[in-house]
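Next come two complexes built around chain A: one with chain B, the other with chain C.
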Partner chain A sequence: MIRSNVMSVFALAACLNMSAALAAQTSITVGMQLEPPNLDPTGGAAAAIDEVVYANIFEGLTRYQADGSVVPALAREWTISDDGLVYTFALHDGVTFHDGSSMDANDVKFSLDRARAEDSTNAQKRLFTGISMVEAVDPLTVRITLSNPDGSFITSLAWGDAVIVAPETIDTATTAPVGTGPFTFSRWVQGDRVELARNPSYWGTPVALERATFKFISDPTAAFAAMMAGDIDAFPGYPAPETLPQFEADPRFRVIVGSTEGETILSTNNKSDKLSDIRIRKALAHAIDRQAIIDGAMFGYGTPIGTHFAPHHPDYVDLTGQSAYDPQKARDLLKEAGVENLSLSLKLPPPSYARRGGEIIAAQLREVGIETEIANLEWAQWLEQVFRGKDFDLTIVSHTEPMDIGIYANPDYYFQYDSAEFQATIAELKLASDPSDRSRLLQAAQQRIADDFVNGYLFQLARTGVANARIQGLWENAPTQANDLTGVSWTD
Partner chain B sequence: MMFGLSLAAASLVIFVMIELVPGDPAAFMLGINAAPDTLAALRAELGLDANPAVRYVRWVSGMLIGDFGVSYTYQVPVAELVSARLVVSLPLAVMALLLSILIAIPAGMFAAARRGQAADVGIMGVTQLGIAIPNFWFAMLLVMVFAIHLRWVSAGGFPGWEAGVIEGVKALLLPAVALAVQQASILARVVRSALLDTLTQDYIRTARARGLSRRQVLVRHAFRNAMIPVLTILGLQFSFLIAGAVIIENVFFLPGLGRLVFQGITQRDLIVVESVVMLLVFAVIMVNFMVDIAYAIIDPRLRRR
Partner chain C sequence: MSRIRHMPRALLVGLAVTTVVLAVALMSLVWTPHAVTGVDIAARLQPPSTTYLLGTDHFGRDLLSMLMVGARTSMAVAILAVGLGMLVGVPLGLSAAAMHGGWLDDLVMRGNDLVFAFPVLVIAILITAVFGPSAVNAILAIGIFNIPVFARVTRGAALAIWTQDYIRAARVCGKGRARISMEHVLPNISSLLIVQGTIQFGLGILVEAGLSYVGLGAQPPLPSWGRMLADSQTMISFAPQLAIFPGLAIVITVLALNLAGDGLRDFLDPRIRRAR
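Presenting the complex of A and B:
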C-alpha cells in the first residue's frame, strides 16, 4: 500500500513535470554575443540592436524575409509613378503601437522626416537623403516624393533603421521601445538579458511564442557551456565554431549554417605609396590562398568570393578564378613592379576572422616575400586610425551591410578607390529600375573592382548557429541583421 | 582632508588618462556608414563637443551632488547602471571573501601548528597549486562538472535577486568558489607565516611558561597578533574582488561591475569608465580606512598613532 502510494506520488510528480515541460514550450531563450547598447534601431549602428528588435518589436513599411526578399509589412501595398519619383503607400488598418495608440500616416511621416532631418542621428541616414517630401494624404495613405528615381527604395525601407516609431514614445525608445510588432518589450536587465512578451493585440498573425528572452554571453567558452547546460535554447550567431562538430554529433541539437551579407575582405589602402600600383595589389591577390584562410580561421565555414558581392545573390559573378592562388605569379608581378623587401602594416580589428585570418595572411604574404607588421586594434581605435584616419596599408574587415558595393563609388571611403568608370556605373544603377538593366550594371560593377584588384576578396562570412533540435522557424541566413522570432515555435 | 585630496588627485588622473585614449564614442555608436553631419549631431547631443576642461568641471561638479552623468551608449544614468551591477558584484565579493576566510584561517593555523610535518607540507603544496591554477581555467572546470554533467546549477548568468535569495546565491556560488580558491591559497600562506613569526616571540614563551597549552597560546595570543598582516591582505583582496572579477564574470556571464568597465572601455563609454573607476578609488580608500580602524581594535598600541 505504502509502496503504491509512493509510486503514485512519483507518477503525479512525473505528470506535473510533464505539464511544466509542455507549458514551457512557448518560451525561448536566445543567446547573443553582444549586448545592444540601447534598443532604438533608428539611433545607432550596433547590429545587436536590430538583432533584438527587428521584426519582433519594431516594423517598417516593408520588411526582409528569411530568404532575403522584401515584402510588404505595415504598408499593405504601394504604387510607383511612371517617372519613378512618387511612391504612394496604403497602410494596414487597425495597427496599434504597444501603448495602445493607433499607427497612422502621421507616424510614418514623423519617422521618415526624423530619420532624414538635419540633426538626425540615424546611422544609415544616406538611405533617406533621396526623399524630398513625405505627405500624410489621409490616415491610411502616405505619399513619398523622391528627388531622383531610386531602384532600391523599397529595400531601403526594409532596413531596421527605417522602422516606424511614434512621436510620443521615441524619446524613451532607447530603454523602453514601443513599436507595432508581435512582441512587446518587458524589461532589460543591463548586462544580462532583454525580455519580450507576446503582443496580445497584434494586427497581423499572432506569434506562437509567449515569451522570448535574449541573453548576452560574450565569451565563446561560456556560450558553449550555456548551450550544453540547456540555459540557452538557440544561439544564432554562435561564437565558437570549433565546437560545432560536438553539437552536430548530439541529437539534442541542430547546427544551422547559413550565409550572411558580410563580404570579408583584405582592405587595401589604394592611395598608400606602396599599394597604388595595381601590379602590387594583383600580386597580393595571387599570394592569398582563400581556402586555407577559411579552413584555418573559420573552421571551414565560409564561401570564397572574388569580388565585393554576396554569392547567394542572383546577380553574383564568380570571379575567384581571376585572383586564384598562385604564389609564383605573385612573385613575378612584384619583380615586374620592381619592388623588393616590401613591408606593409596589417591592422586588425577584434573579430576572430580578422585576428586569426590576419596571421594566416601574414604567413602567406611572407611566402612571396612581403613582410607585414601586424597591429591588433580595438574597434574604437580601428574606426579612428584605419577608417577615419586612413593610416594603414592593409586591414581585414567584414562589410556586413546588404548590397553595399556602392561604397566603392565614394573616393573618400577608407580604402580610397577612385575610378570614374566605376562611379558612373553606380550613378547609372541608382537611376535604373528595370531589373535586367540593374542586373547588367551590378555585374559590370563587380567585374570592375575585381579587374582593378581594389581589395583582396576573401570569403563571404558564414553564420553558424546552434539550436535545440525541437525549435523550428529560425532564420538560416542573415539577409539583414535580425533574430526574427515571428515564425519560431517548438515541436513536440 | 587627505581623503578629499586623494579623491581630487585621482579624479584628475582618471580624466586625463581616459581622455587621452584614442577613439570617438560617437563614431563607435554610429558605425562605418555614418555621415559626418550625423556624427557631429550625436557628438553635440552627448556633450562631447565642449572642451575638455569644461567637461572635467561638469563631471566633477556633477559627482559632488551625486550625479554621475548619463552613459553614452546605454543612455541611462551611470548611477543606475552601477547600482544594478553592484547588487551582483558586492555579494559575489563578500561570498568569495567569506569562503576564502573560512578555508584559509583554519588551514593556515593548522599548518602553523604542525610546522614541518606532513600536514604542513600538504597544505602548503595545495596552496601552491591554488595560486598557480588560473582562476578562469578552474572556473571552466567547475562549469563542466556542475553545470554540464551534473546539471545542478546553470552554466552562468544571474536571475536577479527578485527570483529569490536562494536562486541568487546559487548563481553566485560557482563564481565565488572560483574566485575564493586563489584568494584562500594566498591568505592561508599569509596566516601561516604570520603565526610562525609571532610564535617565536618572547611573550609566547612566557605564556607557555605560565602553563597555557600550545593550542591556547596559538588561538589566544599568537593569532591575535598575527591578524595585522592578515587584515592588510584581506583589505587588498576585497578591493580587488569588487572590480577585478572581470574574467570570472565573463566565464559565468554575470552582469558585474568588472564587465561594465571592460565594456565601457571597448565602446568608449568614457563617462561610465570615469565614474566607475572613481567609485573604485573611493571604495579602496574606504576599505583601507576600515582596515586601519580594525588594526587599532586589534592592537591597542596603534591607537595612539
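Presenting the complex of A and C:
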C-alpha cells in the first residue's frame, strides 16, 4: 500500500514536471534592491527608475547596448552637418505609444524641449544645455541645432533621461508611465513590485517574455533567501556578494560578474577646514589599502581605481600607483601638514560597499593616527545631510552614471572641488569632437583630479548578479543604469 | 552562610552567570585576546582555532574579543538605562503615592500612560532621528522606556506601605510626606525595586541587542552583540559561528538575569519566604 502510494506520488511529480517543461516559461521576476521613488526617468535622479523603465517601457532616439555601444533606437538614422552643429534624425515609421497614439517628430521636440526648459526637473539637464533649437521638419524628421559642437551628443541621447515621452501622458508618468517600448506598464504595488506586460503592438522586434515583474527586496538576507527559494529568477544587482560562492556551486544558478560605471570613492569634503589642505587628502589616499577594501567589503569583486574613471573605458589611465598604500608616507604627510589627533566624520549610506568599506577605512585611518566617527545613515538622511547639506568630512558612495568625470567641474557639487584648470579642461572637452583630442582631454582630466587628491579613489564597483541558469540574454555589464529585458528568454 | 544555603537554586545560577559576564565585560577594559578595532582582511572568516578561539569575522577580527567588548557595551547600556529609569521613575512613583488621589498623582500616572503607549523601538527611532544613532541614545531610549515601569511599581508598592500603622505614627510625630517617603517607604520597597531592576536589566540587554540589530544602537567600530548578529546574517550558511556565538551570549545573559530576578523575588519577598 505504502509502496503504491509512493509510486503514484512519483508518477504525479513526473506529470507535473512534464507539463512544466512543455509550456516554455514566458514570465520573469527580477529582483532589485531599491524601489524607484517614481517611474518617470525624465523627472527623477534615482537609478532605480531607469533600472525598471529603460529600454523596457521608454525608448530614446538612440540607446545603449549591453556592450556599452550606442545604437539607433527610435531614430532610424541621422546625419550631422559638417560644422557639427546640426543633427537631422530620421524616425522609424509606425511607432506608437502604449496608449495607441503615434510617436512623431512633435513628440521628440516636446521631450527634448521639456528636458532643457528653464523649469525642467530633469536630473541630467546638463546633457541638453547645448541644444539651441529642436525643429519638427516633418512627422518623421527632426532637426536639432546645437550652440557648440558636442562630440558626445549621440551618447547623451541614449541616456534614460533623454527618452521620448508623449505630451498627453507625461503628467501621469510618475505612477503610470506610457512609452514606446516593448513592455507596457501594468501595475505598481508600492513597497513590493512593478509589473510589466508585453506590448502586442511593438514597432520593433517583439520580446520573448510575456510578463515581467520587478520585485524590490532591500535586505541582503531576504534577497538571498528569495533567490534560493526561486521566488526571484534574476537579481542583477545582487546585494550580498559574500553568498556568491554558494550560487556558483549550485547548478540551478549562474553568477554574472560584470563591470559597472560605478566609481566607488571616499568622497572628501574639499571645503571642510580639516581637509582643504592637499597634504591631508594625500595622506588619506596613502593610508587606504584598496585591495583590503575590495576583499573585505566586496569579497574580492571590484577593480582598484586611481582616478574617477571606469577602467574598462579605452581612455582610462591607471593612476593607482600615485596613491599606493603607504601608511608611513601618510604619517609623514600628516606630520608635515602639522596636524595631530585629526578626527573626521565618516557618514555612510546603506549599501554594503559603504557600510563595510567604512569600517575597514576607519581601521586603516586609525593606523596612521586619524580617528573617524562613523554614522550610518539612511538614503534620505544621506541626501539631506551629505549631498545637499555638505555637512560631512568623508563619505563613501559609488557614482554609477557613465562618463561622469564632469561632476568635478561643478564647484557646488557635494565634495566641493573648485579648480579653474579642471573646469577649463572640461569646457574644452565639451567642444571637442575629434576623438584623439577628446581622449587627450579626458586623460588630462583624470590626471588633474588624481594630482589634486580630490577624493579617495577606491574601486570600480563590480556588477555581481545571480540568475536562474536557464535565463539567457541578461546584461553582463552595466554601461548605463538599466535592466534591459528585451533580449531575455528562457531555455529548456 | 545559612542565608546563602537557603537561596533558591535559580538565584544562585543566575547570579553566578551574571557575575561571570560582568567580570568578562570588565576584563575587556584591560585585556582582550586580540584588538577589536584592528581589521586584518587576510585573516577573515577563519574557523575556530587555537589563535582565534571562536574564529574571526568578515573583517578578520577575533570573535571572542568582540564578544567580550560586546558584553561591556550591552552591560553598560543596560545598567545605565536601568539607572536612568530608577533615578526618574522611583521619585515619580514615590511622590505619586505620597500625593495619592491628588493632581500630582494623576499627572504622573497619565504621563506614564503616555510614555507607555510608545514602544521602545519608536522612542529609539525618534531619538535617533533627532540626534543620530549612538550607544548614548540607545541608553536614553531604553531608559525612557524604563521610567514608567519603575514609577508604577514604586507607586503600587508605596501605596500599600502608606496604609501601615508605623507610617501613621510617623505622621503623628510631624514628619512630612517627603521625609516619610525617603525614610520609611523607600527602604521598605527596596527589595521590590531590586527585583524589578534585575528584570529590567535583562530586558535592557535584549532591547539593546534589538536596537543595535536594526542599526540604532552602538555604532561601529564599537562591537555590540546585536550588530554582530545583523552583520553575520548573510554569512550564516558558511560561517555559522558568527551568528551562533553572539546569539548564545544574548540568550545566556538574558536567561541568567531573568533567573536571578525570579530567584531574588522569591528570596526577598517575606510572604513567600514565610510560606516556605
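The rule is short, and it goes like this: the second predicted complex is superposed on the first by the 470 of 492 C-alpha atoms of A that agree within 3 Å, B and C clash if a C-alpha of one lies under 4 Å from a C-alpha of the other, contacts with A are read in each partner's own complex, and residues count from 1 in each chain.
FYI, contacts are C-beta pairs under 8 Å (C-beta built on N, C-alpha and C of every residue); 3 or more make two chains touch, one makes a residue touch a chain.
Quick caveat: nothing in here was measured; it's all calculated off a predicted structure.
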item: Touched partner set for A:N410, first chain B, second chain C, both or neither; value: neither
item: Chain B or chain C, by number of chain A residues touched; value: B
item: Chain B versus chain C as contact partner of A:I374, first or second or both or neither; value: second
item: Touching partner for A:T88 - first (chain B), second (chain C), both, neither; value: neither
item: Contacts of A:R356 with chain B and chain C, given as first, second, both or neither; value: second
item: Contacts of A:Q124 with chain B and chain C, given as first, second, both or neither; value: first
item: Chain B versus chain C as contact partner of A:T221, first or second or both or neither; value: both
item: Which superposed partner A:G44 touches (first chain B, second chain C, both, neither); value: first
item: Chain B versus chain C as contact partner of A:R388, first or second or both or neither; value: first
item: Residues on chain A lying within both footprints (that of chain B and that of chain C); value: 221
item: Contact set on chain C toward chain A in their complex; value: 37-39, 41, 44, 58-60, 132-133, 215, 219-221, 233-235, 237-238
item: Parts of chain B lying in touch with chain A, wherever the complex brings them together; value: 22-25, 27-35, 37-38, 41-42, 44-45, 73-76, 81, 84-85, 140, 143-144, 147-148, 151, 154-158, 160, 250-256, 259-260, 263, 266-268
item: Contacting residues of chain A [partner chain C, same complex]; value: 220-221, 224, 240, 242-243, 245-246, 292, 295-296, 356, 358-360, 362-364, 366, 374-376
item: Touching residues on chain A, where the partner in the complex is chain B; value: 35, 37-38, 44-46, 118-126, 174-175, 189-193, 215-219, 221-222, 225-226, 228-231, 350, 378-381, 383-385, 387-388, 401
